[in-house]
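Input: a single structure, listed below in structure tokens.
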Amino acid sequence: MNSIDKKYSEEIAKLKQEVYDANMLLVKYNLVIHTWGNVSGITKDRKYMVIKPSGVDYATLKPEDMVITDMENNVYDSKYKPSSDTPTHTLLYKNNPEIQGIVHTHSTNAVAFAQAGKDIPCFGTTHADNFYGPVPCARALSPEEINGAYEHNTGLVIIETFNNRKLDWKATSATLVKEHGPFVWSFKSPKDAVDLALTLEEIAKMAIKTLIISNNSAQEAQKALIEKHYYRKHGKNAYYGQK
Amino acid sequence: MNSIDKKYSEEIAKLKQEVYDANMLLVKYNLVIHTWGNVSGITKDRKYMVIKPSGVDYATLKPEDMVITDMENNVYDSKYKPSSDTPTHTLLYKNNPEIQGIVHTHSTNAVAFAQAGKDIPCFGTTHADNFYGPVPCARALSPEEINGAYEHNTGLVIIETFNNRKLDWKATSATLVKEHGPFVWSFKSPKDAVDLALTLEEIAKMAIKTLIISNNSAQEAQKALIEKHYYRKHGKNAYYGQK
Amino acid sequence: MNSIDKKYSEEIAKLKQEVYDANMLLVKYNLVIHTWGNVSGITKDRKYMVIKPSGVDYATLKPEDMVITDMENNVYDSKYKPSSDTPTHTLLYKNNPEIQGIVHTHSTNAVAFAQAGKDIPCFGTTHADNFYGPVPCARALSPEEINGAYEHNTGLVIIETFNNRKLDWKATSATLVKEHGPFVWSFKSPKDAVDLALTLEEIAKMAIKTLIISNNSAQEAQKALIEKHYYRKHGKNAYYGQK
Amino acid sequence: MNSIDKKYSEEIAKLKQEVYDANMLLVKYNLVIHTWGNVSGITKDRKYMVIKPSGVDYATLKPEDMVITDMENNVYDSKYKPSSDTPTHTLLYKNNPEIQGIVHTHSTNAVAFAQAGKDIPCFGTTHADNFYGPVPCARALSPEEINGAYEHNTGLVIIETFNNRKLDWKATSATLVKEHGPFVWSFKSPKDAVDLALTLEEIAKMAIKTLIISNNSAQEAQKALIEKHYYRKHGKNAYYGQK
């Protein structure tokens, strides 16, 4: 077992608590059942990640059970194995030096879009307040990608989706992995990523009901409205909230 | 910071408590997640409005955090900024001298109709008991209206809808803002507006299921039934309830 | 105010408690919001009915608030007005000398079938265990029936449905009133009627999902299965349960 | 009443507690209403089964109320009658010497697939993590099978489905009985069977939403992904969890 330098003790302890709290929020928000889902956070120097252990019951989970890894997925000072999705998390952190927290869930409505292989269309302001434009569904992994370094390749396909579509990681902070489910991230904190995962589930639910009402013919919200609502909450001219 | 005359102290304190209670009811009724939604009330002389602050967590919200504005959206004696939807609220109060409370939510099923750009049809007595005829979906705002005084223009489009369709503000006390969500008001109190917002969400949910069962071909309830149920609960011949 | 003979004191007190408990079960089962819904029971000699008062909040409701009426809808010894649906209840009790409890709700999925004007098809054993064959949707009331003795006429249309279709009131103990919602009754007790109202809501929810999966082409369960399950729970050869 | 040898006392007492706990989990997981559903377990020598009594209220159920039967459905040392589905359980235990727990529910979404007479398609990794390939819907029982030894024949039809389709009982540990509902089993324990019943309900819910989004045209997940996820959690190369 590898050990990390003692100078990290305080930061890691605080991060473990933060990541633990964010994981428990998945349960409170009804975004997971059983041992599903995982949230991670990262140290300030982006050398270590803290993530939920694999397959441990939320009811018995403790802050100290959170697992420490480096960006090459090596484990440090931990009694548990990390989430099997660890290589997806670390790749996204490496690719995006501003991401502060990542969450993966199998929440019902977001998964349904991933299983249908469709983007979540931006049908209205609830969506636009939080995600700029459609939440993309990535292409399916090839059998070679699946049988190879699967979780790493999952991260690569997410990155490919953002590159090909020229998406902004901060403005559209989620992807659906096809036939699988959502990954959501935040430039602020692990908790904020979980808050966004709840928002994603809610807009997916609204979108399904919008499709039913419109007989699958609903149109995306007009661009002016999407921009208005996104920038009402984000960027230098934001006027929602107290900041 | 503007200050209001001391003669309002007692009335404002009471109104803040009432508006706070009504906002917290949004959480109890599961009509909002995060910091979404807002409820307002108005002083007897209709000079001041009290409304939820923008983007503050419900868990930490206190009655004294409610924000005071006048009808031109100036803020008085408040440590927080008011809800960003403030200009929609004040315009509706000015336009309708009998409205006593207004609520805006992003409740799932009502938003779905707004996103589909459709009225909620009056399919039965549950609807007719509470809203006379379909709950209208307003036209989309133009890009100019969105990029201008957006929240004020949202109020104007609601008013335009009621004028064009010759609707009665008391009998049909809600509108869907297209691509956005519901605004609901009450001629009684902020709490009553929230009760109506829950009713609206419930009839929207029933309407979606009615569309599924009927393969999108359900007809609106017959006029005699709509009138019977509306007037069973409202007006001088009402016989529902204890009054 | 009329008064009933003192010999009923004990029976009425017990019945009020029973009817109150059954009404509160509507809240526990999530079958109602606000002041919606009502349950009634009847004295052994079928002279008096006890029913929820009209439009009173469940949170403040007390057993002694239940209202006593006779079979001609006259009120006795009560501080509140009875449910506005009272004439529907009394007519059903008079028409069916074995009914011991009646409940009316606006539960979401059952109302959706009533609004679509469709029977709830008997798609499987969950339904057949509790209701023999489809739960019928009555015809719409005519404008004359609506503008006349509306609640009485609602009961007449339910009776007409059972007569025309030659249905057994005990085996199929529920009807959907078109454009309105369900009435459910029990030959056992008010509580049992509420239990059946929850079952009805559940089978309506299952039926809607069955329609979605089958693209509205699902077939009713075969007759042999419907009979098997109904008679597994009911009649002299029943073998479900401990009796 | 038959009696079992005293040497079983300790094992049976432990099994009754285990089966009771698993039955109560059905309530906690919202998989049942009323007295619906049942879970069973089996002794190590596979001579006796312990199962929920028929039609007893969960609120008053106690561990000692669990009923003991042998594999020919004879009851031992029990004050209650066993679940009416007992012959289905015992037949599955006899046919599969490794099954350790069986559960039958009428959970909403799984029943909807059974009522539509359709397999639950394997649309994604949430499904593949837990069930290998589609969850099969058995053929309908014939009128003769229904009118004969119905519950025994239900077990026979499940076995026939697995034989005809050459399915692996461990990998695909659930079946839908057509026009009825799901049976789920576990090679580990009664509790694990209930955990799988919750998973089944969740993937059925996801599948219905996937069908809505895709206008009933969604494709099953690719074979490489199904195998990857199933073997990530099961078999000698599994790397999910802490084992």
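The chains carry the letters A, B, C and D, assigned in the order they are written, with residues numbered from 1 in each.
Rule of thumb we're sticking to: a residue touches a chain if its C-beta (ideal position, glycine included) is under 8 Å from a C-beta of that chain, and two chains touch if they have at least 3 such contacts.
Keep in mind the model is a prediction, meaning the values are calculated, not measured.
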Most remote chain, CA-based centroid, reference being chain A: C
Rigid-body rotation angle, chain D and chain C, from Cα fit (steps of 5°): 90
Copies chain D and chain A - interface residue numbers shared by over half, same or different: different
Chain B-chain C separation of Cα centroids, rounded to whole Å: 33
Distance between the centres, which are taken as Cα means, of chain D and chain B, whole angstrom: 47
Chain A, residues touching no fewer than two other chains: 212
All pairs of touching chains, each written as two labels joined by a dash: A-B, A-D, B-C, C-D
Interfacial residue positions of chain C with respect to chain B in the complex: 33-36, 53-56, 80-81, 84, 106, 108-109, 111-118, 140-141, 143, 146-147, 150, 179-181, 208, 211-212, 216
Chain A residues touching chain B - in the complex, by the definition given at the top: 123-126, 195, 198-199, 202, 205-207, 209-210, 212-215, 218-219, 221-222, 224-225, 228, 232, 239-242
